[in-house]
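Structures for review follow.
Next come two complexes, and both contain subunit A; in the first it sits with subunit B, in the second with subunit C.
Presenting the complex of A and B:
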């Protein structure tokens, strides 16, 4: 049973569901599925429904209607509605044919005049709704009636003249019935407009303005968007797009019958809603408009071919509209809830029983009370010093949760100042050869603070991996770093799925979402070098200058990775099955390494880590405060060597003086202790330590 | 069939029986720190039960019964086994439960007399005694499956074998008044009925002499334990530990619970405890994370200290707390003697004293 759980956890990518659903394009998923179902059902029941000839015919109609749907979509996205499209369509149709057949204008002029006429019709709506702020529904209902009446009056007068004419211009015929390699002219025009529309809506400033206004008109106004003008222009665009469709229609059929464009607004509105463009405004895309158009057209044409009577056809469309509206509302409302339910997907994480820590049990981890006598620096004056570091003048630096790097002055560390303000939580720190302080900032990336306190971003993105669903190029939780002899900086990123304050969720998942990234300041490049690590944390350059030691917190292990030399690319485990969760690693004066153990393992969580289903339900049913957590209230410091031997451990049995240790730094015979949930820094006098040891002086060969 | 389907669906969606809501400490149960600040009379690591004749306080401490005189505890009686419960009888006598398996009734509180012994039927975990009407002694037997000290095993195996026994000291008969209780732990006689704590169901029930069970106070956010009579009507109810959503969740997760019981030492289980924070191997929940050196008192309780003052209708009036960041946890007995309330905090092993006047003053009653 457990073997099955382990196998499933390893190979079944259930964490991808939440990541896929988090993508914006999944909003279009339901309309696309409906479209595929409709197309499949109709092609099975009607012979030749999807034959090239039928498809070309469909495409011609789809193009004409599609233009109106684009216009209507635009108006709906901006938060309005345009009911007058049917009447505008009829008037534009009349305009085109009147110009061509009665006024005998050249085709190019006909096109220009018709489009301008459409713009004028739309501008009436736009002026009334945008500038006079009338209700869109009422206004366009009124223009629907007025435009239709105008059309009826005009065709009474001119229909005979138009019907009598038989224009025969190749360019006009090309618009009506021409094709390029079998693709109808209208479809090509539509494709060009649609591609532009997509770029316009998603990549250009006015497009973003339109979405912003639809999302919240007041906020858009407050952010300085020209709300009235933008809304008015959307109606103008709707008029122009409707006129474009009408132009192709006029060229194809050349009639001005009484029923041209009657009820068109319902068809168009159905397409818009079916595509998933929300009637509430602010949500929609060109792809949705296209999908909606195709569904409506396939259904209408399919039903016509099946000789279903008009009444039933409209009823079917209305029923589909109703269902689509319901699904649209439910899906939009619940999508985020579904994501929050399925995003967290715990994995199997087996750890063997830990080595003993009890007093009297022996072994390197036997508890003691050595750290009881640490003296405290900055008690109550510093918050969340995850890492601590000392410069060669013995000044002490530590991060704070206010986004500052605080400097405590030697020799007594009573006086403090804000050394630099960065804005994010500082985590691991290291000095380079030129005394620049490099610092990992949770949520921001890797930053560099020069000795003159100027803050500069070193890097905040790495290469995007090809197979990840989430965009993993941006750094979410840069954690600890160290600097190689040639200046390259290796730093860990604990997770690519969660933000810094969500670290417990990452521990709950225990999947291996972390990585190690290399930033090369000489070339300015950032590359991911290792992936799939379980909360990689502390990093320290090993003695050979060709490898790093890195801790994986939730694998309870320390490994070594060679980035240069004959073993380049290899990873070997140095310590595993630690009794607690390893954090930062730093060099000791005797050539060994200090390792902070931030928390201790507890059997209940070790068992839960072997039961992903249990943890999955726990994360769904319990609030975060009630979850089983890794216990990071008690920790210790251990010293280890590259052979993987634990040499010594330092404990504070009661944890009252200095609870939680996330990092430690040896400096001139003292060990300085940091803790991310602490309001103090600890200082412990080491016995038998080199009283002149300064870590980065030794590293850069100054000592 | 429909019931089974519904349970499966509930299990899947976390509804109905599978929902794990725990009521909040609010209203009369609103937290304070009165119990945490109580005076410590004595450190008694094995203290178990209290009784008083109104003026003198008696404490069961391991196998010995002690009397509080002034601030000194003197041994009044020593038994061969640990006392799990005792009560004073109006006649001047005494009833004692030994190791949960035997109840002995004496006519006077003085050594020498061997008393009358009752062991049947199947006394396993007798944990509270109270004098009933007509010469009876009421006893709650927590479980038929687990001895008293292993109450956590009973909770985790979803035990429901608690019983209320009525011992007729005249005829020597022992009647089972009620059975299949979700851990009976605490009893007091109330107008002919017995008011009984049903810990695993988080409620108090009235049980009539005929055995009819009637809810008295339900949906408690804690596990209730022994009850004693208060001066001026009403009762003192103790709660030996608090409920958490995590424990409720684990109780519904059969696979995890079984493996936990089989593979992990009981002191490290996800289960309510009388004391906590002894080892980092105890499970830690999110809110237990020490931030800036402080543990939040509102964190989910692994152990908790609570005494509730009930009125005559067994409804809560006010309560005395020792919260998650405190120490006086695992309160199993509280009785009035003189002008003070005495309580045993079994977690740290303490006998606590709270002057009633001080309680009234702090709560502004």
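Presenting the complex of A and C:
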């Protein structure tokens, strides 16, 4: 049974569901599914629905309407609405045909004049709504009426002249009915505009401004975005896009009938809402506009082709629209709730019974009270020193919760200063040969602080793995690092699925989500070297200079990874089945290694870790704070060697001085202790230690 | 209210007075009792629809299906009587249809949380299609003998005042009473002002929203009955017209913001009077329909722009999602 659980946990990719759902594009999933169902149903009931001719015809209409939907989509995203598109469409249609048939302008001039005319019509809306700040709905409703009556008056005068003319220009005919390899001209134009629109909205600054304004106009204004101009330009864009569609329409049909564009705003609005662009602003994409256009067009055209009677056609259309909208809205509303239910997917994590630690039980982990009498540095003046390090002038550095690196001055460590402000929680630290302090910053990446205190980002992204669903290129929780003799920096990233403050959830899940990443400052590259680790934490270069020792917190083990030499690429376990959760690893003066154990295992979690289904139910049914998490109860420091033998352990039985220990650093006969929940740094006098040991000198030689 | 800070209904009312005075002085035949009654009669149906719309808009919604409720249930009454049913049975059936339709609207908006604009667009389309496909034989449902006496609702008069005006007045009183004198009315304002806050304070927002749409549908049906009675038929193709936009204009011009929670029956009356005066004056001047629309649009635009100068909104005061 347990073998099956282990097998399923290892190979069944249930964690992917939550990751897929967290993708932004799944917001559009429902409209796409509706589109597919509609297309399938119609292709089954209409002969030749998918024939090239029929498709080309659909594409032509889709392109024309699609331009307006893009414009309307833009306006809706910025938080407005444009009801005047139908009337603008009619006027632009008239403008194009009047210029061509009555004024006899060349085709190029007709195109330019029509687009400018569309821009002008849109600019009226834009000026009124953007600069005069009228309400969009009522304003465009009024311009709808004005533009429509202007159109009616104009065609009374000129419709006969236009109807009498039969323009015959190859370029004009190409716009109306031409194609390239069977793809209609309008579809090509639409594709170009749509691709640009997608890049514009998702990659360019003005596009972001538009989404920001739609999301929160006040915040956008307060952060300095030119709200009025941007809004006005969106309406101009809507006018131009509508005129573009109308141009193709004019070239295709060449009519100025009284009903041109009547009720078009309803069709377009339907397409926008069906595609999932939410009224009220801030959400939307080109893909949504396209999908919405296709659904509306397929349904209306399909029903016409099936020669459904007018009344039934309306009922069917309305019913499809409503059902699609209900499902879409439910989906958008509950998507985050579903994600929060399925994202956490606990995995199987077997650990054998831990070695004894009780007093009297013997063995290297036997508890003692050696750390009770440590002297304290910076008590109450520092918060959350996850790691501590000393430079070769004996100054002590530690991170703080406030995003600073604090320096305590030798020799008494009474005087302190903010050495550098970074802005994120500093975790592991290491000095390179040039005295640069490299530091892992949770949520930010790897940072470098030069001796003159200038802070520079070393790296915050690595190569994206091809098969991962989550984008794992960005560093979420860089944890500890060490620097190889040639300057390469190996650092651990504890998890690629959660943020720093969610680390207990990662412990609950106990899946191998962590990795080890190598940053090469000489070449400026960052590569992931090792994946699938269970919360990799401490890292230390081993004595051969070709391998690193790394701790996996939730596997309760320390392993060795060779990055160079004959065993390059190999991983071997050094320490297994530790009685607690290992954290940072650092050099000891006698050539062995110090390892911090941040908390001790408990039988309940050990058992739960073997029952993924149990923890799965727990995470679905219980609030987060009632899940089983790894204990941070008491900790210790142990010394081990590369053969995997524990040599010595140091405990603080009562937890009075050190509620938790996440790091330790040996320096001139003292052991300095850091803990991420502590408000102090401990200093412990080691017996029999080399009183001249300085890590920098040991690693980089005496200067 | 401080002097110089005119509200929108103030501006619209001022424009109405100015226009009324101008027409009265310069237009022959405008300021006569007959014309006044004709003016009111012409806009009474619009005014009744405006009341239904106002109820919904105050609750931060919008009902684009009003024209469908105006056309289909009254058309059903005419059709059923034509087919031999008695008038009470026909009226009861139409009432049932109206209430059911209002419930569907309300459920979709309040419980399924589909935006009101979209819901009523689609349900209006559905109802119109329903009538077209299953209820009516012809686009224009004709009057029949069984309805005799019912035409008084549109063509009768009490003390010389035409019935449509009286119906409009009575509806005004009822809606005003509902909005200002009852707890439900207070809830409608609370929901329109801030739906989340209303819900948090324990207002049964969802049932109240459903009620709004049921009432709006009933008012739309009433307007349709008045209209059918005054023209002795029900031209169901009216659904295809852009009349709904006139209704929205009446409401919004009168000063009921689309963001909800503001305004009342007075605003609808002012908006109706402005539109009525404008249309009446232009009809006397013998303008074409398109030219009338053009001028109507420009006047409306002027009113809205004037409002934005007198009551400027900026990024700090604007309400999010207020389109």
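Rule of thumb we're sticking to: the second predicted complex is superposed on the first by the 682 of 703 C-alpha atoms of A that agree within 3 Å, B and C clash if a C-alpha of one lies under 4 Å from a C-alpha of the other, contacts with A are read in each partner's own complex, and residues count from 1 in each chain.
Throughout what follows, a residue touches a chain if its C-beta (ideal position, glycine included) is under 8 Å from a C-beta of that chain, and two chains touch if they have at least 3 such contacts.
Quantities reported herein were computed from a predicted structural model and do not represent experimental measurements.
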item: Fit-or-clash call for subunit B and subunit C when the two complexes are aligned on subunit A; value: fit
item: More subunit A residues in contact [subunit B versus subunit C]; value: C
item: First (subunit B), second (subunit C), both or neither touched by A:626; value: first
item: Partner chain in contact with A:165 - subunit B first, subunit C second, else both or neither; value: neither
item: Touching partner for A:605 - first (subunit B), second (subunit C), both, neither; value: first
item: First (subunit B), second (subunit C), both or neither touched by A:618; value: first
item: Partner chain in contact with A:326 - subunit B first, subunit C second, else both or neither; value: second
item: Superposed arrangement, angle subtended at the Cα centre of subunit A by subunit B and subunit C, nearest 10 degrees; value: 90
item: Partner chain in contact with A:484 - subunit B first, subunit C second, else both or neither; value: neither
item: A:376 touches, of subunit B and subunit C: first, second, both or neither?; value: neither
item: Least C-alpha distance (whole Å) that remains between subunit C and subunit B when both complexes are overlaid; value: 21
item: Footprint overlap on subunit A, comparing subunit B with subunit C; value: none
item: Of subunit B, residues touching subunit A in the complex; value: 14, 20, 244-246, 249, 253, 255-256, 259-260, 263-265, 268-270, 280-293, 299-300
item: Touch list for subunit A against partner subunit B, complex; value: 383, 504, 599-605, 607-608, 611, 614, 617-618, 620-634, 655, 659-660, 677-680
item: Subunit C-facing residues of subunit A, complex; value: 79-81, 128, 132-139, 141-146, 148-150, 152-153, 156, 216-218, 220-222, 227, 262-263, 266, 269-270, 273, 279-281, 309-319, 321-322, 325-326, 329-330, 333
item: Subunit C - residues contacting subunit A, complex; value: 108, 112-115, 117-119, 121-123, 125-126, 128-134, 240, 242, 245, 248-249, 252, 257-258, 288-294, 296-298, 300-301, 304-305, 308-309, 312-316, 318, 320-323
